[in-house]
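Per-chain numbering from 1; labels A, B, C and D assigned in written order.
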């Protein structure tokens, strides 16, 4: 079951604006700052002037909009999307926003997250005669809205949202309105801001900094925000519940300059490093982090231990879509891909290598070997998250349980497998403390499912027969 | 005069290999690791099997070789080049290596550096009937070799090299041999290595790490290395002189994982930061560096002062050629381009902002303002180089004297102009000490012309009437 | 009403093959020979091996499949489509074949023709909750199939086809079968052939010649052909009726080397010319045809009159999508676009200019003027079709009634408007005789609606209130 | 020797204009009409306003100038070039016009023809120190001009032209002047015209028709025309000699609507057909021509014999650069490439197949077979030129003597080899008569070298040791 659901997993970034003369351009810069959340495709739908026009394509934001397409996107409202590169992920048709036109009007959808009951809903809708154009679970919402018997669009949307289970942050744009919705558990981040008289919404606050907008507040779990000419209005499609924001956003996904649910990522990562230093100190000559996500952690670890932080690993910045991967024979001769050890820094040194997580263990093993080949005398691995023992169903592509090394091996076994001199993971308590969620009884605010197997929602549903134990301790 | 010479300035990266079955592919990865030295164009000429074939183009290495061109480049020897984006720089024709075919055989040339007497030599050669195809000064060498009356190619090359003044690292490939030459002052870095049985040469050692090669030694100033089926041989085309390697390679140009003239760049930059902390301490809450070159410096400064290093500025990684710059009106509304302040980090803080240099001062001013708008209460600017008061004629594009803010203003005036609360530059002595050149009486080993105006070579020559004072104190 | 329907009009070409190891490649060559039927876009869906894969794009067949896409299209069955360039016609999404995936299986559709009740059907389907992805009327069939309550796909298709009114030739490919359907009036041509053991189907027989296939027979009006592993089977979804094949296929649309409904096009066009010579002879020095469609006609006219055929007008072969149209000012200075007069041929001559039809009259006027400016002393226009007085609703883009010059003007008025010395149209009887349909009482076999206003089907339907008189006298 | 010279052969088209505000655009349309003379590359250099700017590229004119490049080419004078696709022909660097910049000024060159002493001149120039950038013989002229000791450019050009032997039509553009030169034998066509106040020059007059220019006169063999602000002036760089214009221009190369040396091509080809009918009549059912060049001939043959002209062979119009050639296995299964037989026309018929020439015989054999497979009962081949028995050194790519079937076989042998029922070539006398050159004792006006082996110039020169007998009987 896991394998088939895995294909649907996707992390993404969304951005929206209402009430700005250059809505498409602002969205371009907003999406650009969210590029780390998805590099497979990008799209913008613009409206607010009575009709919706769009452009989308495969590739980076700058590539998709490289031929003057922004000039064609006139309007005062826009929503945009950057899509994560899932293997074999449907190509152009799945790039969002999805735009649905009908004789009654048009509706554009941008989605970040993953619905756990998408297949079940799709099955029912197809039985009723619906035709799906994409393999994305996002399209389910459009069909549910279309089939709702409510007379008013807002009510149709509300009704449709109640059918969905899982993680979702939705932006919806019509000829006359914008809707913003976050799932009742608030798995994914979604922030609201202002840019002069305009409203903006984004997956991460770094998008606000880049366009000069000011942060207002988080979109709340279960909230439906409606923006139109009459202004902004907040309603609910689901009762308020405790938040279950994804831990991985803090650990490796979000950009270090973003605040997620009000908490700065770089500062949090330094805290993770400091906490890790307390939990698992080691005698060594240098600390180095695996770029990019673990640099902040490594600096925190170095500050707390007094071991100097050095640049022991470097990432090549120019690896793009067209990069030609070295053949097996060249790799065996020593040709590196994205990551290189800095021989002059690590040779003859005892190295603390800080990374954010271990999934399959193959990457960690490769880096440890790389450091040893570059002359490191010892390699001590420190991981800024607890062991990942369970798959994620809410939009982070963490593989199936079978592939998760920590699901089948003890820490000591993993240490041997990755050939490290020592290995330590951050504790769950340490994680929550470093994020600052422990002391405000905020453990409920954080999704720890991939570390604990305790999922905040039903997974799959009884039709598929896999009612995994629900969260709430 | 400066302005016209300026047009010719260019920083670049070169790579060569002799004796490897996949010479072109190795060169691809080598150039890829040198991509930071030039993003305008790239090319590879391959030989060693009796004929030279090539491919070059505008764009990044991965873009130029994205359509299977490497498959066509068969041979056991190759030279490659990445070219710096100079404004209006001639386009495709100027992309190197340049390939010259004649009925006697072919010759390919890759050049890093800048000849100060190129115009003078070109003038004479044209008077004698030569036709130039490019606006690059590199082509001069080909014509000088062609016109030499020496019977043997090696001697023709030697004679031609003696006419050149300025900075040059040359790779030359013919059907049967590879030549490597470095100017008598050794302005630009050039290192020699081994990859199994093959010889490799590169502008920076990071290229060796990425392909798994081992470092052998530096190419010496005035040395001409010849590699052919008989093996490798070192000769001289100019007497040994003291080296004048470019300071800017250490300060901002080279990649942090490279060793330049045997000295690691990241370690050097941390030293620059520590030394700067000694020379110009300040009371503050956080230290932040301008990415990418000043991160290492800021970490060093933080280590030495105990002020925590934080991520106060972030660079967007996905700004490529096709990025659409924000219009003036959007910039005024606050849309950022490549660099954003991290509001959550700097708000309410006294910030030490570390940067590598100040050229015109406009960028520094912009960053200071950006930090203040993001809430910084004080901004203290620390620069890891002495004030740049003179233009460079050896390949670093530092603008004309008129544009250099430090050529016309005192440090206090600059502080006011960039609106900083305090400003300090690293001393010349501090620079040399941090690089490790002071104690081995190595001032002679370093070119400081842009800080001192003391140029190691003649500039221009009397035909142009601007015989600026020559170096050697 | 006409204007809104006009937007949907489209002429296209379709090709299918079942049972060949290189199905995609054969389809490529087949589509290539049908390129004259549509240059906006092209696509191929391949199957027969348990799953459907596809590639489609905007542009010519050779452009769409220029990057090795054919290599990815493995399978033993395929259908393909070339799409006509309608102004503002929906772009990529509308390029066919359309592929619909569902949990029960996939279905690909290629369509040539135009449904006259598409809007009405769409309206009803949307009311029932269907979401349309394209603006093409082709998608209606997919929704009708999906919503059919019949248990077997073949029966669902049959039921769906009975809802359709208008002109349609459909190819349908599923994981296990291919379906071929032609509307009950057989407006559009569709031929069946064999290539070794494989079955092939194409809009025109020129596709058979190019791939070396042999012609078998026409697909019959109202026929549904099913091909699968058990072989080929013919059924009917509608009773046999007299055919109404489009006259314009003979007059200008089909390729001269094709046989349409068994009749060779080039031979027919020569007959049109000979018949025109009988009906409207004239004393002149040369006969010339407007390329490409009227060359054969002009040769026939020349043969019958004894006036020599000459090349008085020439078409530039290299006018493609990227051709830059001359500005108004350049046109006024005499810069020609696609068609040029041959001064050396027409100067001082009395010219018979043969063309296939007059729609708005603007092109004819332009050519007459062009010939006179090149020195023709007289220009006699001969048209190989009757006056077009009514719009077409079956897939030929002939404009609205308001724009049709012959709907509002007599032949003499048209002659004056296009500034010809004389003008004659072929008679309806002459047309049928030349095609060879008169003597076999076959006038019923030909759609003459654009000349007569007698439409073989209802147009629009009563919901839209324009029940134009139905055909059959 | 022949093989090495062959590589240099090239047919091309040139166009120039002086004194028009939209010089680049007019040149674009002019080149466009000359596209049949070369499809590998195209370029335009524009001047007249004090500096030369250019754009060139590989591909068709419409492809090379598809991204707004024309907008950048401002100036009142321009020269342009379309280049023939020679196998392995040097790519971008060889695309013309070639532009040579020096400190004294710039010079652009466009060349149609082939120099027979290019290698010899290149050898000498290289010995004197010149470096060649292209493998094109055109560059020789630039070096000769550069090295001339004459003080004035016009005199330098004249001196340089006297060194050249072979076929050349040159356009030269500098910052202030345009030069037009035709070799002393006038092998290639070159016509002069007027467009309002502007002067135009083109390889064929069809370029004048398309831009609305009027024909003035032919450029004369040995003439050098200079156009500048003072107006137009004609001088000579070589004494007047009898013309030797290429027969192949009439037979297959020029566009049917052009006049070459004042003689219309379509009319000439019809004459060739009529003459061929007189010389070699045959009893048959239909006449068909191999498109495009032999259509006019076939019509002439049909007119003269009374056998009806039919469309027995058709060429696919959409075969472009990206067309995927069928694999050997598909070809064997009957997949056609560019040319298809029209089964409905030829089946059961005795066919006269008219073609322009036989070079290797392989194409003729293929077409004969194709016609038989399509059902032709007899195939009679009629060729509108005499047998080609000798290679061309003047710019037509006719292969080496070894490859010419008529150099080694009798007509009867060729008939058997191409599997025709009968075969006839036009006689030399018939050729000259049809062109209209016999009666005005104009045989001297026509180059017949490929039929006779009598070359109007020295070939190669004694350095290469192959002084083939010179022409003039």
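Worth a mention:
Just so we're on the same page, a residue touches a chain if its C-beta (ideal position, glycine included) is under 8 Å from a C-beta of that chain, and two chains touch if they have at least 3 such contacts.
Here's who's who by UniProt: A, B, C, D = Amidophosphoribosyltransferase.
No experiment lies behind these values; they were computed from the predicted model shown.
If you take chain A and chain B together, no chain is in touch with both. Taking each chain's centre as the mean of its C-alpha atoms, the one that lies farthest from the centre of chain C is B. The geometric centre of chain A is 50 Å away from that of chain C, both derived from CA atoms. Spacing of chain A relative to chain D, judged by their CA centroids, is 62 angstrom.
Taking each chain's centre as the mean of its C-alpha atoms, chain C lies 37 Å from chain D.
None of the residues of chain A touches two or more other chains. The list of touching chain pairs reads A-B, A-C, B-D, C-D. By the touch criterion stated above, chain B contacts chain D in their complex at residues 92, 100-104, 122-123, 126, 128-133, 135, 142-143, 146-147. Every residue of chain C that touches chain D in the complex is listed here, in rising order: 22, 25-26, 28-29, 32-33, 35-36, 60-63, 65-66, 70, 195-196, 205-206, 209-213, 215, 255-257, 259, 264, 266-267, 270, 296, 299, 303, 308-311, 314, 316-320, 322-324, 326-327, 329-330, 333-336, 340-345, 374.
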